[in-house]
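In what follows, subunit A forms one complex with subunit B and a second complex with subunit C.
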Partner chain A sequence: MSTQHNDSTFDPDEPHLTRFDLVREGARRDGVEIVHYEPRFAKAGTAAEKRVERTIAFWFMITGLAALAFVVVYVAWPWEYEFGGHLDKWYTPMLGATLGLALFGLGAAQIIWAKRLLPAEVSVQERHDDVDTVEQKLTGATLVNMGQELNVSRRPLLKGAIALGALPLGAAAVVPLGGMIVDPHGHGDPLFHTGFDAKQFNEGKPVRLVREDGTPIRPEDVSVGGQITAFPGVPHGTTNVHADSPTLLIHLRDNDAKLTRENLGRVEVNKGGMWQNFVAYSKICTHLGCPASLYEQQTNRLLCPCHQSQFLITDNAKPIFGPATRRLPMLPIGVDDEGFFYATSDYKVPVGAAFWERP
Partner chain B sequence: MKKKRFDLATLPERSAKGIDERFHASTPLRRMFNKVFPDHWSFMLGEIALYSFIVLLLTGTFLGLFFDPSMEEVKYDGVYTPLKGIEMSKAYESTLDISFEVRGGLIMRQMHHWAALLFMASIVVHMLRVFFTGAFRKPREANWMIGFLLFWLGFMEGLFGYSIPDDGLSGTGLRVINAITQSIPVIGSWAGFALFGGEFPGTVIIPRFYILHVLIFPAIILGLIAAHMGLLVKQKHTQWPGPGRTNKNVVGVRMFPGFAMKGGGFFMITFAVIAAMGGLFQINPIWLFGPYQASVISSASQPDWYVMFLDGIARLWPAWETRFELFGNGYTIPPIFWAAVVLPGVIVNIGLLYPFLEARFTKDKEQHHLLQRPRDTPVRTGLGMMALAFYLVLFASGGNDVIAQHFDISLNAMTWIGRIALLLAPPAAFWISYRIALGLQQHDREVLAHGVETGIIKRAPDGRFYEVHQPLGPVDDHGHGQLEYEGWVVPKKMNRIGALGPAIRGFFSPLEVEDKEARKGKAKELAGKK
Partner chain C sequence: MTSSAEQPRRVPGKLRRRLGAAARMLAALALAGGVYAAIMPASQAEDAPKTLSARAQEGKALYDVSCISCHGTNAEGVKDRGPSLIGVGSAAVEFQVSSGRMPMAAQGAQAERKAVVPLFEDPKKIEALGQYIQEIGGGPQLPGEYGGGDPANGGRLFRVNCAQCHGYTAGGGALSSGKFAPPLDPANSAQLYGAMLTGPQNMPVFGDNQLTVKEKKDIIAYVEYMKNDMDPGGYGLGRIGPATEGIAIFVVGITLLVFTTLWIAGKS
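Up next is the complex of A and B:
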């Protein structure tokens, strides 16, 4: 750095120089001028200075005590979790309070020391923004020379050879990421099918609607105006393996059901999807895939609590407010000979959030 | 043989000599000791981010000893009885174990989470300071860009972090990430399937996020922090204008011992706050959320605060979907693509390039080391407040269901308030802050020209009342001050110019009457007088 201006006449061993003279000279060589330097207390050892020292010592003691308390709490406090227990619930707060206090004491001690005991100081350091044009030119020349030494432009054969060699190697570096690629329309076309797809998951037998514990559902299990979350009755049907499959089975009141039945004809794929006063819609919001699970019985609206899309159940689960653009897909249902709900087919349109190739 | 005597007194000198002979360290070391740092409270905001990152590394390492990022399904058999026998992933189970069965595990988890929130918050506030004071101007554009990227890396890092416990809340977040990824035109579903290793949720997303969270992103963040600090040292800190401070110097204290000691103390205080919060304030009680199930959600599902603006835009963006047919196939561009992919992309690019855009419009090619007061750059201040207003509307909308519930406002009304405010608040913020900046500028000039109001009212012989003004310097024939505005605080109160004397210092007892001898002497004097 150009900040150094070594004064060759400066002799650090000269007897009349104090240590601070050396400090000042060192700083000067680093481009720093100490322009103001004054002890905080004009007279050493005054009561005021002692008081500051005592304050700092106090905070160090606090640190020691609190740290000790932290160790004792960590080791000796009953920490093992007990449901409804008492002392163990204080374990984490005690650790936080003691550790916080210990660290705070150390911080306070240092800051008070720096602000109240260290000499008041103003130093000025020069900036050196001027670009050294000579240096710049020398570096530039070195760079240009590097290119000249290689001299690719005069050697077209090497130019081509580099391209032919480097491009495939570049490709070879990227291609292994291809291990991540999974065809979204591969096995079973999962974007278009759910766990209610009988052919894929139930050997062609109709898939029943089941509760979370896997038991099938009868019409009389759902009270009028009530609803229940149903899953496909296939292996792992209630788990996240079939994250697209959760379905809301709703038992509508008579007049709501009548209205729903009238509206059903307006959406081609929903025709014939109701069973008596029961409808089943996908629980997966068509906005971003949250479970749309807040059902308002009075208005027959279904609200997704994540982004507040609202769907009108009596009109083919049409989005009536919020960011969702598509109806919740309907699961066509029926009741089998044993009196349990089953899906007469899989969902007829893709479930959940939209994507590019969704028609 | 005579044994050489060990001389303790000369040890430092000898070892210093030994070190210098090998590393030639004395000059660079002294230069570092002597480096001057300017002092102002606003310069410590970035420090908080640095210190919380260190706490994140420490607590994160502890958590890494116990966390198992596996999505293998297990039956819970731990001490937390309400979840006994429930199927969950190993990731969730091991997070429960950290919370309940690892001694001190819960405080580490909570400190880690609080430190992450503090890290992001201090980055934002630091960034605002740098923006509004013009500290990003040449030659510091690169450091602005690095800092800006650090915010987004921290954003992703936090997102990965709170996703990997695989609880009910974070799983829903993953589902939203999946939907956003799938919304990208042409490659969306391929990108989503590549990320999740198949259909959502699959079994690889937690291990993948885990490796990103504990290795790749921390490494990039660490590297960028190193570059950020390196550039800071190389370019030296900016400073406020003021007596003796010019564009060509740095006025402050030397790094050692003064600055370093304050910094060290401040680190400990930051650490203390995080430790106390980690112990005393519950955060992310995943045992209440249960394991992730695709069919379960509760209301008031919010991400961490720094992600909330994205949740806000997802709520506010209208249902504008593009559908079209091509060669007999139907295609869709979902609205969330514009809200959560395009919009953040635009924000990132404008933010990154802002120093260059401003330099271009103001035709400013100079080197700047002196900071500007926000009032002196009304347009920039207005733009900043505009961006902030935009951000805050989105942020508040990220929790609009909670606001609706607590203030008894219709949820639908909240959505519409957010939509309208998103369009109206930013220009309003620009106009208001622009006018305030001009007003403050004018007031500075007025005080320079006419002096400080003294509060003394005089009545002229003809009956007029007027207030006496104290000029700040020499005045011309009209009584107008001759001082120029220097880009720094203009004193506007009499005690600022020494007229009333400074307030007595000391919290419980005054510090000025300090010398006991002097006090005794004074007491004697007083006694003598009696």
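Up next is the complex of A and C:
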């Protein structure tokens, strides 16, 4: 558009002009010069040309056959799951292979047609390297004119209406982000308490440690060198309502338990938190909250699978490797009159990843 | 003792009372001893190594040539070489030896599965060795029968208890300092059961109170199911999921696209 060629002298109705002359003129007006143009085969109908035609036809046939095969596979291939190595395991691959081959054949036929049958052509397109200052000024004037036409400054009612309409629209985009922020002090300090908080979730009665199915855990249920994931025995304790509460209850060997008990003194809040050879830590990694439950029973390390943090169980779950910087909080445990584990109190340190107000 | 307190008042019955007390004492001792002997046969066996069964004797002979250097003369363990085998039971022996982990080739972070050593190629010999360890120390034993589990429930239990280390598809995973949780593919049912029951190396123990015999069989059913099922298309690319599948389609697919593009744009 910007390059205006002198087309005033060109008359498309002139009788001596061929159709190709019109094509060439059309390209020229778009800044493209056709400098070389000749048919691929000088003489029509040669053996070489026929061979290319047959190749193209072959690919169209492949497309047809493969597409037909796709339909047949889709309708007739056994697709219902069956155990073991059966045809159903090939249903999806067969759909993909047949449809893929069909589309590939269609593409191949077209590309070969374009490369081998269409006339050989060399065209040169003009590059617009120079800055057209006139065009710049014209475009600028057009834009400014559009602003002037709206004339908001002379129409204060519309100005106010736009502000009143657009601002809440912006708020509608931003405000929902606020829903992702948990208020650490709303509804009973959720970041500071877990489902093991007896006062909040169990009417003041001590909260038992239960399995996933809600049954309480006895000391003899966990073998020496074993571990079990425990949940708070409160309503919805094993659901996402208390997603911060899963706890790893570990039964240590005598020697390891002795070492662990000696080390309890190093962390004030952990004192008295063990029951005999049992110790319980939060399963939520203090780095980013993954379930850290890869327990190595010989080395007494607890691993988090997400970023390879490691915690030393025998020393208050101290982080000894990886990105975690805080100890796993300990759940102080005891065994009640009926012989079931219970939490003597809630976690004394917030569980999970750090947050800005964490003490 | 009571009779001596009553002595001053009832002199004539003294001898009879003494005899009666002695008889009652003897009877009580005999009863207590009898009950003890009846309910504690295992500890008696411990105290009297002479009572080893013929099979255990055979096991002891095997122990003395291939285990004794690390686990000590009476399986009490050798410091910095091998742990005590008292209380590990025949289950642990059968798991460790049948999977080739024991005897260990060298001390290291991980006892790796390898071909069973020639000495123990006959499963009867492993059983004999297990019998020996069982008779001197007691401990968990394999049930010998592992079928009939429910793979659906086993899958649920597997994801709760095993997947964190062995991976969702039992392909294994990394642990600390060069250790790893092995893939479960090469393990047979008895080895799967033995591993859960005894907690070999760094694996936690899953005793029968935590995972019942039925639940263990369910897990075995699930693992066997996964081992024997076929991957869609015939190859699971390690069953790792999007990671390997993404790499595969990127390497193969992009290469193909690049060459196709070159062919389309190239001069003919």
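Descriptive notes on the structure:
Methods note: the second predicted complex is superposed on the first by the 298 of 359 C-alpha atoms of A that agree within 3 Å, B and C clash if a C-alpha of one lies under 4 Å from a C-alpha of the other, contacts with A are read in each partner's own complex, and residues count from 1 in each chain.
Methods note: contacts are C-beta pairs under 8 Å (C-beta built on N, C-alpha and C of every residue); 3 or more make two chains touch, one makes a residue touch a chain.
Please read all numbers here as calculations on a predicted model, not as lab measurements.
In the superposed three-chain model, the partner touching more residues of subunit A is B, compared with the other of subunit B and subunit C. After overlaying the two complexes on the shared chain, residue contacts for A:V222 are found with subunit C alone; subunit B is out of touch.
When the shared chain is aligned, subunit B comes close enough to touch A:F231, but subunit C does not. When the shared chain is aligned, no partner comes close enough to touch A:A166: not subunit B, not subunit C. When the shared chain is aligned, no partner comes close enough to touch A:M61: not subunit B, not subunit C. Legend: residue contacts after superposition of the two complexes on their common chain; A:T92 is shown touching both subunit B and subunit C. In the superposition on chain A, A:Y74 makes contact with subunit B only, while subunit C stays out of contact range.
Within the superposed three-chain model, A:T299 lies in touch with subunit C and out of touch with subunit B [touch as defined at top]. Looking at subunit A, you'll find residues 83, 91-93, 111, 115, 212, 229, 291, 293-294, 303, 305, 308, 310, 321 touch subunit B in one structure and subunit C in the other. Subunit A contributes residues 1, 26-27, 29-30, 32, 34-35, 43, 46-48, 51, 74, 79-83, 91-97, 99-104, 106-111, 113-115, 118, 121-127, 129, 180-185, 190-191, 212, 229, 231, 239-240, 242-246, 283-284, 287-291, 293-294, 303, 305-308, 310, 319, 321-326, 352-359 to its touches with subunit B in the complex. Those residues of subunit A that touch subunit C in the complex are listed here as 83-86, 89-93, 111, 115-116, 212, 218, 220-229, 291, 293-299, 301, 303, 305, 308, 310, 321.
Subunit B meets subunit A in the complex at residues 30-31, 34-36, 73, 79-82, 87, 100-101, 103-104, 106-107, 110, 139, 171-172, 175-176, 178-180, 182-190, 192-195, 197-201, 236, 244, 247-254, 257-258, 261-262, 264-269, 271-273, 275-280, 292-301, 311, 314-321, 329-336, 339, 367, 369, 400-401, 411-412, 415, 511, 514-516.
Residue ranges of subunit C in contact with subunit A, taken from their complex: 160, 164-165, 173-177, 179, 181, 199, 201-207, 209-210, 225, 228-234, 263-264, 268.
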